[in-house]
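The chains carry the letters A, B, C and D, assigned in the order they are written, with residues numbered from 1 in each.
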Amino acid sequence: MSFLLLIEQILNGLQFGVMLFLTAAGLTLVFGVMGLINLAHGSLFMIGAFAAAATAAATGSFVLGLAASLAAAAAAGALVEMLVIRRLYNRDHLDQVLATFALILIFSEGTRWLFGSFPLYLNIPLALSGPVTLPGGIEYPLYRLTIIAVGLLIALGLFLLISRTRLGVQIRAGESDREMIAALGIDINRLYTVVFALGAGLAGLAGALVGAIQSVQVGMGEPVLILAFVVIVIGGIGSIKGALIGSVLVGLTDTLGGVLLPETFKLFMDPASATAVGSALASMLIYILMAVVLIVRPTGLYGARA
Amino acid sequence: MMKTKSLLLAATAAAMTAGMALAEPVKVGMITTLSGGGAGLGIDVRDGFMLAVKQAGNPDIEVVIEDDQRKPDIAVQLADRMIQSDDVDILTGIIWSNLAMAVVPSATAQGKFYLSPNAGPSALAGKGCHPNYFNVAWQNDNLHEAAGAYANSAGLKNSFILAPNYPAGQDALAGYKRMYEGELAGEIYTKLGQTDYAAEIAQIRASDADSVFFFLPGGMGISFLKQYADSGVDLPVVGPAFSFDQGILQAVGAAALGVKNTSQWNKDIDNAANKAFVESFEAEYGRLPSLYASQGFDTANLILSAMAKADVKDQDAFREALRAAEFDSVRGEFKFGPNHHPIQDIYVREVVQEGDVFTNKILGVALEDHADAYAGECKM
Amino acid sequence: MTEPVLSVRNVSRKFGALIASNNVSLDLRPGEIHALIGPNGAGKSTLIKQIAGGLRPDSGEVHFLGRDVTALSTVQRARMGLGRTFQISALAMEDTVLQNAMLGALGAGRRPYRFFRPVLKDRDLREVAETALDRVGLLDHAAIRTSDLSHGQRRQLEVAVALTLKPRAFIMDEPMAGLGASGSKRLTGFLDELRHEAPILLVEHDMDAVFALADRISVLVYGEVIATGTVEDIRNHAEVRRAYLGEDA
Amino acid sequence: MSRETIFNAVLALGLLLFPLWAYVADEPFMITLATRVAILALAGVGLNIALGLGGLVSLGHAAFFGIGGYAMGILAHHAQSYTPLMEVPFLIEGTKSMPVIWLVALAASALAALVIGALSLRTSGVYFIMITLAFGQMLFYFAISWPAYGGEDGLSIYVRNSFPGLNTLDPIQFFLIAYVILAAALMFAAMLAKSPFGLALNAARQTAERVETIGITPYRLRLTAFVISGAITGLAGALFADLNRFVSPSMFSWQTSGEIMIFIILGGVARLFGPVAGAALFIALEHVLGGLSEFWHIYLGLLLLAVVLYARGGIIGTLAGREVAHD
């Protein structure tokens, strides 16, 4: 494999990682502040994609679609938080798992009821379509570069939000000590609703951004959910920094593993079985990565709490 | 999981169409995917099937429809119920090969007929064939073989081929290679359910391929096509019809325009039965029929044609009637091979835009009177 | 002088910039009650953890029964006969008082991997557990759910569980807390007897109990032992009065 | 007798009488449904030992369920095709005998649980949930892409495996096999909870520190519980495969792990009959709601939500109230 191709694949891994980060950030935020396992996070991702597709189809504007994804997912998140999630903070993880699993069922079939069983159309805006030539002669899709940029901007925004704003102070207080928040006179119900809606909105935005180059269909959120969990667990639950590093690690492992493993096996096997064995191993690779990280560091790379 | 929509068509239609002499009613159990991500395919099969039943106006056919949720164990459970409790004569409807493998062997072993409107795993065409199993769609490899044949005739010499790493994917690449005579620029198995194909597309770009063949059903195909179109790689793409089907094309949009794909059916096949089918389907459901709908439609008509000739309780006679396949297939000519799989023409289509709608038009025949590669292994 | 049962030798432990234990040395001799006192945050709990095995010192050694146990786990030290009670009750709250005591007996018997016979039908274990409960005065409460006990009763149960192990030395972390006057008087009397079975390293805030019971006292301030001596020595120790008792007075 | 004991007895009797009624009324599918309940409840009983008694929330029990299933599938596949399982270093033939298959399923899943548990138990809390999920996913992807035994298509067994003296193809006889095994597992679980091991494990869940200070290693207790738990779930997997006469990688999927866990939460965590009540309710709901609408998942979701929010402690917790302290 040429050096240039390797660079391009590393870029692809990075890009995949950033896409994962967009979904994982909201999940880790909600977990860190509220201690809530939210299986329905993938559904919010799906809601964002559907809202964007519907809006873009109606208005012809991708940007409006993005705005709609953010709004729809945040609204759905706030609604769910007030109606259901709020009652679950003091429950153990098992109740949260069951309740948010129930939410997946409701969201998935509700979406199918509203939008039908066929995938929706959502494409990237003309201005961002097609490849650009990078230094070194790599042709790379502009939209994917945009995703990398947006993802990094959101990461930066989250760091600033948490380190520099009043909301960030409250979030940090919430992570360390719930009683302290109440003592500080902060309306904890409002804080939780806001954080949950923020996490949901991020998931929705990710759904719209990613949906433009994937398939907008019912059930699109579940594989993403599992990957997002893998990411935040590797990074350490509750840590935005961990989520970013975990995302990139998973993105690189998955992409490079899929490319390099079959090549490696070809060195000592016939090509057909090398491809088969290499691909099989590659599909297990991120889970192997996660298991190894947890065996070495039982609370993830940046997880503080046991 | 059990939605029972018993559709006992009005007995008042006892005015009776000609040829409905045999009064023994036939009970059909349809197990198909109606909820979750893959529901579109099952809904199409169901709608096509029920359209034919409705048009026949035959009061002697009763259809029980159930949702398998694309889960093998649910499909088995439904089959058990239909066989044990509903006492159906014929089972049909399954979309996915892995579900078919779960249901078909035991259903046929229990003396039921199974007519496949979509899945055609090689095991059931070869060593595992059964007198009571009929495939009305295709053997899984057929469309891929046709794609290979088309690649030869189009002068493609160096294909890059990819499919998900699971049995149907492995069959797909094997099927393509069976007919294709050129070189392979690369051969990749992707992860089942994969949504991002940047790495694969980079490999395609870096190779010296002159064409791409892929089999990525459902959402995987949509993702691949969108990302491929955006990558700037402009090698010609060939694939089986599954990723260019009516239900999917609207979601892919312009990214699919011009792609050549192989199919045993298209809405512009020129015969009376097909014209009537396309028109009546659009009138009934307000959308264009898909490949899957056509297969459901043909399956129902095959059953109806056999009912007209034999009593379902007389299994040997009914089996002969099915094997004769004397119905007006929307594909034109249709007959069964010795292993009860179709011998049929497979066409090359191109994705085009008609007004706002993306659809396919036929370019020519890729393989004429094509049978499958496993018939020889079938002993029955 | 007899060989000490337990000895802590030059133990130090840091958490970042905080020095939790600074070159601490102390020992526990047969038959004695050695009280460890000090203001909150002096590093008593950290020291206890290093003795019992939950935490490894950065440097220094812990010896128990003449053996260097610094590298041994809590479980190994417990099996050698180090009995411990917790400051914040570590009891199975959903279980009955008797079950908690039997748990101790089970640990002492070293045979927890039995899957079939109900543990409550094991006469030997039951006898050990009931004897221990009787000694702390909880036998009447044997069938009560532990979470329904008062705080004082939970301390008693802590002691009872430690008793079932028949340890060679006790480490007790504030057993008097929450007991009330009569309760702590009874426990004081009980510990006074108990020292003849095995010596006790006693961390306690109740100074009346400490002065009544202790043969020797060590005072821990900012992770350092500033004084060790008899009750009289400590009462008269100028630095201790200043650093510690002075605040109390 | 406590209310929970009465409820358990009613449930046990009901699960036996329902298929007997179906047998008399000639409703063989109802027998199949009851068999499904019994087998899935068995899987739940297995998980409940880790989850309820040991506090080990495993989202990877599909691994053991699938291994049990494939133990059946692989052995029966070789027996069916008259090919040996392996020839070197010594000959192993396939088999169609249920007892042998069960033993292999138990042993294989116990071994897998030993390895997975030994690594996973280094973590705790949510990390434990996720690392067990990771192992389940590894096996899932392995099963899909491993062509020798059918990959995603799975393995079909044409005739159900045999049990000496019984006709396993007769639904009621197969039901009775499953029921007896479930009953045995419940008895074992009840005994385990009261045994010395159960006492120590239960204490380790509540206060690991205490267990250490009495000289017992919590890690080993938990690992033992995890192995027992995995083995029982593996046995359920073998029976489930025999019920369907089919195995496929979907038995390894994370949804399967989730479903087994949901039976327990629905029924009542750490309740002896929790998995039975949960599996029965879940399957009854599927059966009834499935007939109402194409979008019946919405109703199922709403019902599950109602149970979490308003029926705390699951069905048994609601009906029987707070658990009485043992003895």
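The definition used in the following text is that contacts are C-beta pairs under 8 Å (C-beta built on N, C-alpha and C of every residue); 3 or more make two chains touch, one makes a residue touch a chain.
Keep in mind the model is a prediction, meaning the values are calculated, not measured.
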(request) Go through the assembly and pull out the chains touching chain A as well as chain C. (result) D
(message) Just to be sure I understand the contacts, which chains border both chain D and chain C?
(response) none
(request) Please flag the chain sitting at the greatest distance from chain B, going by CA centroids. (result) C
(request) Please indicate the chain closest to the centre of the assembly, with centres calculated from CA atoms only. (result) D
(request) Report, in whole Å, the distance between the mean C-alpha point of chain B and the mean C-alpha point of chain C. (result) 75
(request) For chain B and chain D, let me know how many angstrom lie between their CA-based centres, rounded off. (result) 36
(request) Return the distance between the CA-based centres of chain A and chain D, expressed in whole Å. (result) 32
(message) Can you pull out the residues of chain B that are in contact with at least two other chains?
(response) 35, 165, 170, 189, 191-192
(message) If a residue has to touch 2 or more other chains to count, which residues of chain C qualify?
(response) none
(request) Name the residues of chain A that each touch 2 or more other chains. (result) 108-109, 112, 276, 279-280, 283
(message) By the document's touch rule, what are all the touching chain pairs in this structure?
(response) A-B, A-D, B-D, C-D
(request) Under the touch definition given earlier, write down the residues of chain D that touch chain B in their complex. (result) 27-30, 32-33, 36, 141, 144-145, 147, 150-154, 156, 158-159, 171, 240, 244-246, 248, 250-251, 286-287, 290-297
(message) Show me the residue ranges of chain B that touch chain D in the complex, using the header's touch definition.
(response) 1-4, 34-35, 66-67, 71-73, 76-77, 80-81, 84-85, 97-98, 101-102, 105-106, 109, 121, 123, 165-168, 170, 189, 191-192
(message) Which residues of chain C touch chain D once you look at their complex with the stated criterion?
(response) 52-54, 73-75, 78-79, 83-84, 86, 90-96, 98-100, 102-104, 106-108, 110-120, 122, 125, 143-145, 161, 164-165
(message) Please output the residues of chain A touching chain D within their complex, sorted ascending.
(response) 31, 37, 84, 87-88, 91, 93-95, 97-99, 101-106, 108-110, 112-113, 226, 229-230, 233, 237, 276, 279-280, 283-284, 287-288, 290-291, 294-295, 298-300, 303, 306
(message) Please output the residues of chain D touching chain A within their complex, sorted ascending.
(response) 51, 57, 119-120, 122-127, 129-131, 133-135, 137-138, 141-142, 144-147, 254, 258, 261-262, 264-266, 269, 295-298, 300-305, 307-309, 312
